[in-house]
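Quick heads-up: structures coming right below.
Next, two complexes with subunit A in common: one pairs it with subunit B, the other with subunit C.
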Partner chain A sequence: MNWKRSIIALLASAPVLALFAFGFTRNPAEIPSPLPGRPAPPFTLAVLTAGEGSHARTPGDTIRLSELAGKVVVVNFWASWCLPCRTEHNALSEAARYYSDKPTQFIGVLYNDSPSAGVRWIGELGGMSYPAVTDVESRTAIDYGLYGVPETFIIDPAGRVAHKHLGPITGDVLRRVIDSVLVSSGVADSVVAGAG
Partner chain B sequence: MRRRAAFFAVLAVAALLAGASGAQTTTGTSAPGRSSVSTDSALEARTSAVAATLRCPVCQGESIQDSPSELAQQMRAVVRERLRAGESPEEIKAYFASRYGEWILLEPKMTGLNIVLYILPVVLVIGGLILVVALVRKWTRPV
Partner chain C sequence: MTGTIAHSALLVSVGVLALGVILTPVAVRSGRREWLQLVYGAAYTNFLLVTIATVAMVYALVTHDFSVSYVAAVGSRSTPLLFTIISLWGALEGSILFWAWVLAMYAAAVVWLHSRKPGNLIPYATMTILAVAAFFAILLVGPADPFRPVFPVPADGPGPNTLLQNHILMAVHPPLLYLGYVGMTVPFAFAIGAIVSNEATSNEWTLLSRRWMLASWGFLTAAIIAGMWWSYEVLGWGGYWAWDPVENASFLPWLTATAYLHSVMVQERRNMLRLWTLNLCVATFVLTILGTFLTRSGILSSVHAFTTGSIGYYFLGLIAVVLAATLVLVAGHSDRIRTPGKLGGAASRETVFLLNNLFLTAVMLTVLIGTLYPLIAEAIRGVKVSVGEPFFNRMTIPAMVALIFLMGVGPSLPWGSTTWADARKRLAPPLAGALIMAVIAIAVGTRSIYALLAFTFVGYAAMGNLREYWVGMRARRRAHGESWPTALTRLVRGNRRRYGGYVAHIGILFVAVGVTASSAFRTEREATLLPGETLTVSGKTVRLKGVWGREEPQRSVIGATLDVLGKDGAVTGTLEPRMNFYRVSDQPVPTPDVKSSIKGDLYVNLMAFEANGANATIKVIVEPLVPWIWFGGLVIVIGSIIGMFHSGRRAVPVRKAPASAPSDPPETAPEDEIVEALT
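Moving on, here comes the complex of A and B:
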């Protein structure tokens, strides 16, 4: 009769084991964002540092997302206390320079940090080729469903979120996504902004 | 033999009950607002009630009402502002769900596959009780 009991025990524990097995294949930190494909939440953010070339903005001015229609907008959330942000900084600064002759705008949003610490950090890392902006009370971060830094959003010329990247972004990912958005929206080789 | 079978039956029911209670999501208890400053205690109570239903994105299984983290405090401020602007708790929850996904809601909505979460525990408990009653009657039947 023992084999019968063993089979019952096995059958009873199978669903629990299956559930555990399924749980171990998932990363609880990976939560799908509802934003990609949807209109990007609007923002108006004050410029902290200028940046360079076509990305440059005057410190003290504001950047509105609505003014950037027709451009591919790269919004990177960062902080001076964030270690992975150091890793990705060069890739972002280089990509901004690389795309400066294309209809693009890179923006670095300082997240839960003091402006002075942000400015110091930029100096330490040899500058930032695109403007840094401040986000009072993290309103924009919450609007973008931010979990932590770094996170990067790529917004297409029609103002929709094309891509969300969690964690430090690489030059390869930036080029792949920005190129595909530029081409698919038709603004890549067009002089007229907003053709997409 | 019979006693051992009874023992296993009790174990099975206990496992069912544990599974049932585990399937329900825990809702954050609404502790009094920690760092929130407001003179309007009614608004504060409503803010706490809504905040207790929203998951803190940077914590482990904590509501934004219970978490002292900076982001949770800022999210509570958003809840307060939206309530003050006349939005309903449902509208505010929908706003957070549209930005963070349904994951942000500590209590899943009773729609689609989520209904299983609500019904399954009840089904399991009733099934377990029926099993116990059936077994006990079988064992106590005079031979």
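Moving on, here comes the complex of A and C:
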């Protein structure tokens, strides 16, 4: 037994093991996006269903991102064939109601789906508290580098992407991000008042 | 109840295995060889216990016992029986159970076949297998326990992963893969046993390990081809290999195992490369564990990735232990294992085998680095990268094309050394095959230089390997006056390993032709058709007849019926590509329909449809010679079966005095036979 050689061989395996151990600290499914911090790609989208309260829009009208300057815009991409979208639907609808007295606009962009299926889905899930819009030829989805549905983008009042969320979003994440954007951009002096 | 029995069986098996592992060195060192019977008994008992657990799982699946966690996770009352049974290996915990069962079977088989041999090789090899089995048993009672009780008991479950319940090949590919993958543990165990028992320089362990390696290699080859076929038939992209991390994980040990099967012959014949061969044997096992780790730890993104828990950490621990133990053992004993043999001459079979090993190892390292590169890049530069087909194709195709050429050169050259004039004489005849294939390739319009070289070398290698048969048969006819069929059977029987190897070569050549032709001449078109409209792709025409829908218990099916039109416009067949919508998944599972002939496939996939059935978007792919790949896989399996059941002794006694090696006379086929007959 040549112990010297054994120990050298043993040490040689250390970097490989270190590499694998490092792998556990990373999530390969996470896809980096260059969007956060940059100006959000502009869009003009046709309204499909109206929504409620301050978020409401007339079906058939269009929503332009440029008209929403000064508001925190929450853009959620969804589809009727998407199961995780059902999971996050309540969180989004409730958050939209919760923030209806703040300068915010929630928008649900129907991705790769027929408008009729989208309307049926909304009915099935007991309504959507913010407008659903259609994305002709998925142009907006392409501009936003959509990888799959659901994905949610939160745009600050200056029109920059503040946050991108992959997969079903939760009420906690929505509140944390929207609150911090509202405060840091100064469009709302205090968000605590709204919390109940 | 079922769960409790199975869980207890697995708990007991952990104890039994631990006992076997600890008892082996005690029994050997204290000279109480009767204690070894307990070790062997542990292997049998473990097989019995894991069989109980596996049968219990199948029973729980079939009876929809949703109080068992694995059944609750993958079972469903609406899934057809066959897919319910095979969901045994469809998800993480079940696949670990199945793995443990296959390994238990191998351990019992090794003990059954070899435990009467004298010496310490078999005890230590058994100990090694039992140690690996103990790891899997620990997983099964700990982080990957498939028998956790579920309460309250759900009424129904979600069913297996939809991709896995869509095609019958899912009943074939995974078991073959496990038989191959897990089987690599056995040759590894012989290598470790040989070092620990100080018998690495005897040829006993090589003889045993190469037979087990050949069996596992045959299974692994069949599994890889079946996996390619499955991906071709189910995923709807008309391809069969995508260099996905998990495909690579199965390819890596295949490459080192192939290199091993060749280098072991050099070791036996020329008394060279013993340390190298042992390293390949060990590396093959380490790569199977690495592949399992990559698939089940979630550190790389892959379409095959299992859902993960803490199991990745356990596998990292296993890799660390295996790497540490084998590196320490092999490096520490390398001086004694190394062989003194020298290369005879440049123009010899062993030179070709060395090149073969060089190229196979180079491909293995390239694929390994490409697979791990996303991890390396993130660790060093902090960036996300993905390594895809262009890298792998560009880096590996030249070496693989060279390997095809070597497949023709190796069998044509003798062992030892020969003169250049003799070598030229032997290497010339297969050139006719190369010429024929080159002419055909150019005539059908091959443009890529690698495709042209691949076709030419296939011609060369095919002729080279077939000529070995012909020369051997002619010699037998002359010497014994036998008829051609008798000469063929006796020739193969006389040296099964050699002629089985040539059959495997021919199989690889079929695969090479299929892969090259289908990559170089693939044509595809996509169009939205109204009923009655046609789409023509490279001479093949299909006409949309209609779009239909059907409800089945576990899924809804949307299909399009297409007529295949002959040259004269007459209907020559129909194709029905479908989309299966499973209740539990948001993504439809495409089910392309393929019309195969010896000339190639007409592959049709339904991409989209209008809900009212007014039109359908159809993708038509014409892929020449794809069925040759599946046929080649079958030929390779036949070749390895022929090679596996050889007479039992090594082909030629190893030359004890290496000094005489360079002066060995070149061997010819008839001479081989004589030596064979003597042993």
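As a convention for this text, the second predicted complex is superposed on the first by the 186 of 196 C-alpha atoms of A that agree within 3 Å, B and C clash if a C-alpha of one lies under 4 Å from a C-alpha of the other, contacts with A are read in each partner's own complex, and residues count from 1 in each chain.
Here is the rule we use: contacts are C-beta pairs under 8 Å (C-beta built on N, C-alpha and C of every residue); 3 or more make two chains touch, one makes a residue touch a chain.
As the structure is a computational prediction, the values presented were derived from the model and not from experiment.
Undergrad: Just subunit B (first), just subunit C (second), both, or neither: which does A:N112 touch?
TA: Once the two structures are laid over each other on A, A:N112 reaches subunit B alone.
Undergrad: With the two complexes superposed on chain A, say which partner A:E137 touches: subunit B (first), subunit C (second), both, or neither.
TA: In the superposition, A:E137 contacts subunit B only.
Undergrad: Could you figure out whether subunit B or subunit C reaches more residues of subunit A?
TA: Touched residues of subunit A are more numerous for C.
Undergrad: Applying the touch criterion given at the start, work out whether A:C82 contacts subunit B, subunit C, both or neither, answering first, second, both or neither.
TA: second
Undergrad: Identify the partner contact of A:G145: answer first if only subunit B is touched, second if only subunit C is, both if each is, neither if none is.
TA: The answer is first: A:G145 touches subunit B but not subunit C.
Undergrad: Touch test for A:F20: subunit B only (first), subunit C only (second), both, or neither?
TA: Touch status of A:F20: second partner only.
Undergrad: Please indicate which partner A:A12 is in contact with in the superposed arrangement: first for subunit B, second for subunit C, both, or neither.
TA: Both partners, subunit B and subunit C.
Undergrad: Kindly classify A:L35 by the partners it touches after superposition: subunit B alone (first), subunit C alone (second), both, or neither?
TA: First partner only, subunit B.
Undergrad: Share the list of subunit A residues that count as touching for subunit B in one structure and for subunit C in the other.
TA: 12, 16, 31-32
Undergrad: Can you name the residues of subunit A that touch subunit C in the complex?
TA: Its residues touching subunit C are 1-3, 5-10, 12-13, 16-17, 19-24, 26, 28-32, 81-84, 114.
Undergrad: Quick check: in the complex, which residue numbers of subunit C touch subunit A?
TA: 293, 297-301, 312-313, 316, 319-320, 323-324, 327-335, 372, 374-376, 378-379, 384, 585-587, 611
Undergrad: What residues of subunit B sit close enough to touch subunit A in their complex?
TA: 12, 15, 19, 57-58, 70-71, 74-75, 77-78, 97-101, 103
Undergrad: Residue numbers of subunit A touching subunit B in their complex, please.
TA: Interface residues on the subunit A side: 12, 16, 31-35, 38, 41, 112, 137-139, 141-148.
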